[in-house]
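Labels run A, B, C, D, E, F, G and H following the written order; every chain starts at residue 1.
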């Protein structure tokens, strides 16, 4: 595999950090948002510029500093990271637009702070995506944790405060309490932290130790919200919706999952996991999360909390896919990072738009809302289809691959889990949609008059929903990335 | 070194020290501490450490006792133990 | 002249102390420039020494021209060169940051304050640079004595706290002296290297064992190792901020340095780790220290006291790391001396800035501070992150080494304690951030852009050094590898694996 | 009782020398004979202490003596007058043997008391008061100290105008005062 | 011989001082042996030492002996002063000198 | 002759014990002061005796003299206390 | 607490006792301490420094660096006492004056900065008249003590003593002055500022001598470098260097002792004192 | 019998120094009065000085001031004839340190007394809590 040195990954990471001073010193909101957009586009541009090289199988490497012997701050762009970076940087643009609409629509306070930390969070996300070793990954992982804290607690009220506490306790607690020792152990065992396609732990420790290590990692990256370390996610829904949307549907949670993927593939390596017979355990954990998450989502009334539990369940698909250790399953899992992102962000955008337009948060209060906000609710419908995994949306592809993966791995119970989960997804999404559109005029809580949220709020969900649909038919970049990533992992 | 004197004075020093910390009056403690310093000075002279003895004579017996008394004068003599 | 740097290092501040003292009586305006100049000279000497050590290896300076076992020698090697630089930097930065407060607080006694300040730095530098066990004691007393003076000028309760410190500190120093006496009685020498040369024949001697134990207990008292820490929190809390910001970063760390010096150079690792077999016990003590420090820090309601207890926990890190008996642990301990000094300095300077504006440092006075003093709080948070151990701040790396050492030694208790204390630190610092972030907005939850909040930032003379330190945390973190490969790895004898 | 006397004592000009010390110092410096005499005494003392006669140590001695003279000439001679000082010294030397004799007598007496098995019956402490005729400070002090050293008596209190309080251990000791001693001291200091 | 005699006599006086301090009833009376007997005792013993020191006569020995006598002089100057100051302190502290009970008091 | 001095010294030590009794158990502070003063005067002699035993009196004379002076100062300071602070 | 303390004490005592088993015997001429470093001092001091008092030589030359810091410790203690106790400014409150010829005491309330001159003397509430005997006797003794102290400093080479002891005695003589009369009298002779500066000068003489050696091209405190300045051979230069240094120590110690006493005995108010 | 006496002589100094030190330490730990603690502290320090000086003692040695220094004939000075001077030097320093610490501690005690009007630790603490 060809390796190219380039400073681009570093630039991609730093763009949004560099934007922060401009954001702070902007004189008025318009300049500030212009800067945000500029940063978002530049970032996306840089990421995109690396895409052809990555697709052609080249790795882009950038070593920033050697901080300890055998430990460096270094970036490496491979297919997996590229996929994740592409998703998050593209969605940042959309989210920026949405943020403007949402924040202005609600006339929120502290917008400068909001945009700054948003930019920082994005930097961290890209950093995680491009991390060449576990240390760099951990660095940006922590950075992300701290950068998102002010976003989560943006409202600065009692609820935000307690949620913020919970958020930090889970995220930072696990990363320090579980990941750090695991990482150090790995370092002590392997003598390095560099991700490699075969992992670097093979043949270094006793199986029991390695197993323990794996679980330290999987649960330690609590952003992946694997049960029982999931409850920060619903709590974090107190954040403004764009935050929930980008961070808790895309950046934060995906960073968690992405980290798990990295660890499984880059630290342990598929072969090692197979030799350890860890696949069933992983899949079992993921399945439990999927099912329980879905069931809990059924009983939610608050729309954002519903989405949160849905996210919990969906994230475990990815873990599940990886845990299957079969090429198809892994492709599905990795692809699901992208597909779920577009689907779920649409849903969050819609929830936010509803809140902006009507101030409603609960599903029971949304009866008949489809008449008032048809565009939004259509987007919502598309997004839920994607999550459920039904054509014409991108979610279908990833689910399909997952299903084939289970077949490939010959794990029938998992298949049932997937199916049951899809049903459950349908069961908690469809009533929302149904009640929004199909209700008697008496039941409707809204006047039968179209009154959408501001354009900046409505546009983004429409765009993402559209992309979601497009992805079903043209999943090429993501698909190829996922495939090449899997090829690299399995060495096929 | 003159061991007979040495042992005698050592024993005395012990009494002095116990006295200095048990007496229930700070001025008394200061004075006894002075006596303790005298003994120590003797002890060092006995062991041939003339310079140390000299220093202890000037410091321990002279100045530090005066300091103690001055401090007690500026505070109080009362003590509960 | 460059040949004389080891002497100049200590002499420059020492001589300036007398000038400052005189200037204090004659014209107070000269005090600060004199102090800065002398510390600058010391800092330059330290830097050039550091450079020379890195380039050419250890430097020996014979004071009075006498050869070591008879005269006193200064030995600069890989272990103390970085500490020397550290001391100078911390002292200079704090001097810069605190001069306003000093002049406001001490008025006519400014001269005396600066005299003691410089003397304290002299003592610390001397402790670090000296190669003679007894000379170390004298310098230790200089540092402590001036420390007492600096601390006692604080708040209402400072004298009592200081008096307790005096008691404990004196016991500590005396124990150290006694330990040196025990070594002297069996070896007949006071020079560290010379003792180390003689000692291998005496490993079975009970006096050597006792000497080690007594020295350690004495130093533990001085560095506030857990059950012996009782003097520290009050002393640091009630001390005036300018002195606390000097003493807190340096005193305990230099004591840790002395402990490591004793372990590595005087008693030799062979004796300390192999013959003795008290490693585990000490590390368990360290575990208790860390846990208790963290728990006690949780119960505090003001900044300085909280940081003081954090220091207690951090001392546990270093002692534990040094006693793990392997290379990684030792590296971590030495690295943490540097890092912890910087982190503590950062925190204390931030506290200084807060105190300067708010006239208080209780948690309740922090309300809304992130709005009012964003830069100060930013640096404070950075320091906090470093204490927590978040990369790329330097706190992470020393913790990394410590945990690696614990793993290699199979001492999971220590590892758990480290992680536990990191978690507690998260709680501690985010509690403060919460207060600073949330409190005044409780009633408002106001939507809409508020008018420009009244920003009341500390003066630049505090902010600039504060941010230098804060950024230094990151820079030191990033250059950890350089420090280790070029300096620290030579500081640890080959015998330790 | 004592307090009142303190007040009386304060009414005397004895505090005066110390009150005007700065002036006194200047006066002392100008008082060359006093300085020279002080220097001479101190230098003799130095020779006695030093016992080294090489130039180096003698130089040191001269420097030291000058320093001390400058510091404390007015302590030695607060009045600054040297009249009759030589005679006083000679007479004082004559007084010393007598004093020693008295001291030995007194000590034997106290010794007898100490070892007497029925000591408690013999002693009869009391404070006696008398008025002395002496008036210069130095003579008063000499007298007071002599009293303290001799027969079972200790000076408790002296006022500047010669009002003595003496603690006597038994009747016999107290009776002798002021007696012969005062007369001798008066003779020594020329205060007939 | 003279030396030993002086020493012994000196010691006797010292003994008197020591015993006197213990036996006398109050501190005013105790001062008598302490102040006087010790002074004379030290005079005698110092004298003994000075004479002994002159056994092998040399200038240095003479000087040393003179120094010893200087000490004696000093003691003679300081000891009564110290004694006086203690007594003075006692009076000011309000201590009443011990008095023997008069026959009338005994009768009561 | 050395032995004579030695035993004289030892005897002085015993006498010091007597004074020490007064110093430690003296009912009032002034009694202690008397005791300590007595100890001081014995010490001065004892130092000279030690010098004789070492055969280097000339060295010990200095200490002894310093001793006599400073003992005096200490006693003076202690008794001065009572002049300013009334009462025991 | 008491029991715990006792236990602690017994434990550490036991530890220390345990170690004494392996100590060389008391006064053993063949103990390591007597064999390793010290013989060289004893045998070479005379020829290397021409100072018969080995302790002085080792103190001020071989281990002169220790001693410099020892003096600095004392200096530091003086500064600390000043810093802690001295009450500067605040001269408000009640003043008492005594009319010298008549002894009438005047009480002035809230007299700030005002002072009665001439025949009045500033006193305290606690004022007591001088004791004639003590005052006169001390007056005569003080010069004697001082010359003795200077003798001790100057003859540190040949007999026990040296800068430190002499300095303490010198300081004690001034303290004696303050005790026998009052603090104000002593302060009039040697004022606060003088003391403070003397203190610094004393230590500075020490460190400055060392620095001079450094400037003359030898190591710090290598008095042999002074040979060129003093015009003597290096050995004598060492001896003289020791004397200079001892003088510095003496000045510093004297000043510090006075300083500490002044502050402690008057609790920093510099009134009548003890 | 003589053996026992010899042992006692040989170690008596060390035992007593330990006793003294422990007395000082005990006073510092258990006494509640600040100045009492300072007295204990000084006893403690002096005990250590005693220990050091005991190290220096040498049987058959005279005080470490060279005899007949200027006697003209320069006979060799032998180490066995003089007591070990090094501990003395060290202890001079230690005494100085002790008196310096004493000064500082007393100054502190006076300040505390000025503030709380008592020197008893428990009373001070209760006063702090009370106010």
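The definition used in the following text is that a residue touches a chain if its C-beta (ideal position, glycine included) is under 8 Å from a C-beta of that chain, and two chains touch if they have at least 3 such contacts.
Keep in mind that this is a model prediction, so the values were computed, not measured.
Q: From chain D, what is the lowest number of touch steps before chain F is reached?
A: 2
Q: Trace the shortest chain of touching neighbours from chain C to chain G and give its length in steps.
A: Between chain C and chain G, the shortest chain-hopping route counts 1.
Q: Can you check which chain pair, D-G or C-H, has more C-beta pairs in contact?
A: D-G
Q: For chain C and chain F, let me know how many angstrom lie between their CA-based centres, rounded off.
A: 47
Q: Distance between chain A and chain H based on Cα centroids, please, to the nearest Å.
A: It comes to 70 Å between the two C-alpha centres.
Q: Measuring from the mean C-alpha position of chain F to the mean C-alpha position of chain H, what distance in angstrom results?
A: So the centre of chain F lies 19 Å away from the centre of chain H.
Q: At what distance in angstrom does the C-alpha mean of chain G lie from that of chain E?
A: Those two chain centres are 31 Å apart.
Q: For chain D, what residues touch not just one other chain but two or more?
A: Counting only residues that touch two or more other chains, chain D contributes 49, 144-145, 155.
Q: Give the residues of chain B that touch two or more other chains, as numbers and ranges in rising order.
A: Residues 1, 3, 18, 30, 48, 50-51, 53-55, 57-59, 62-63, 66-67, 69-74.
Q: Which chain A residues reach two or more other chains?
A: Chain A, residues with two or more chain partners: not present.
Q: Can you identify all of the chain pairs that touch?
A: Touching chain pairs, listed by label, come out as A-C, B-F, B-G, B-H, C-G, C-H, D-E, D-G, E-F, E-G, F-G, F-H, G-H.
Q: Taking the touch rule as given, give the residues of chain H at its contact with chain C in the complex, in rising order.
A: Result: residues 21, 25, 28, 34, 37, 41, 44-45, 48, 51-52, 55, 86-87, 90, 93-94, 97, 100-101, 104-105, 108-109, 111-112, 115, 124, 128 of chain H touch chain C.
Q: What residues on chain B touch chain F, complex-wise?
A: 2, 4-5, 8-9, 12, 15-16, 18-19, 23, 25, 27-28, 30-32, 34-35, 38-39, 41-42, 45-46, 48, 50, 53-54, 57-58, 61-63, 65-66, 69-70, 72-73
Q: Please name which positions on chain G make contact with chain C in the complex.
A: 15-16, 18-24, 31-38, 40-41, 61-66, 68-70, 72-73, 75-77, 79-80, 82-84, 86, 88-89, 193, 196-197, 199-201, 203-204, 207-208, 210-211, 214, 218-224
Q: Enumerate the contact residues on chain F facing chain E in the complex.
A: It comes out as residues 1, 4, 8, 11-12, 15-16, 18-19, 21-22, 26, 28, 30-31, 33-35, 37-38, 41-42, 44-45, 48-49, 52, 57-58, 61-62, 64-65, 68-69, 72, 75-76, 78-83, 86-88.
Q: Give the list of chain H residues in touch with chain F in this complex.
A: 62-63, 65, 67
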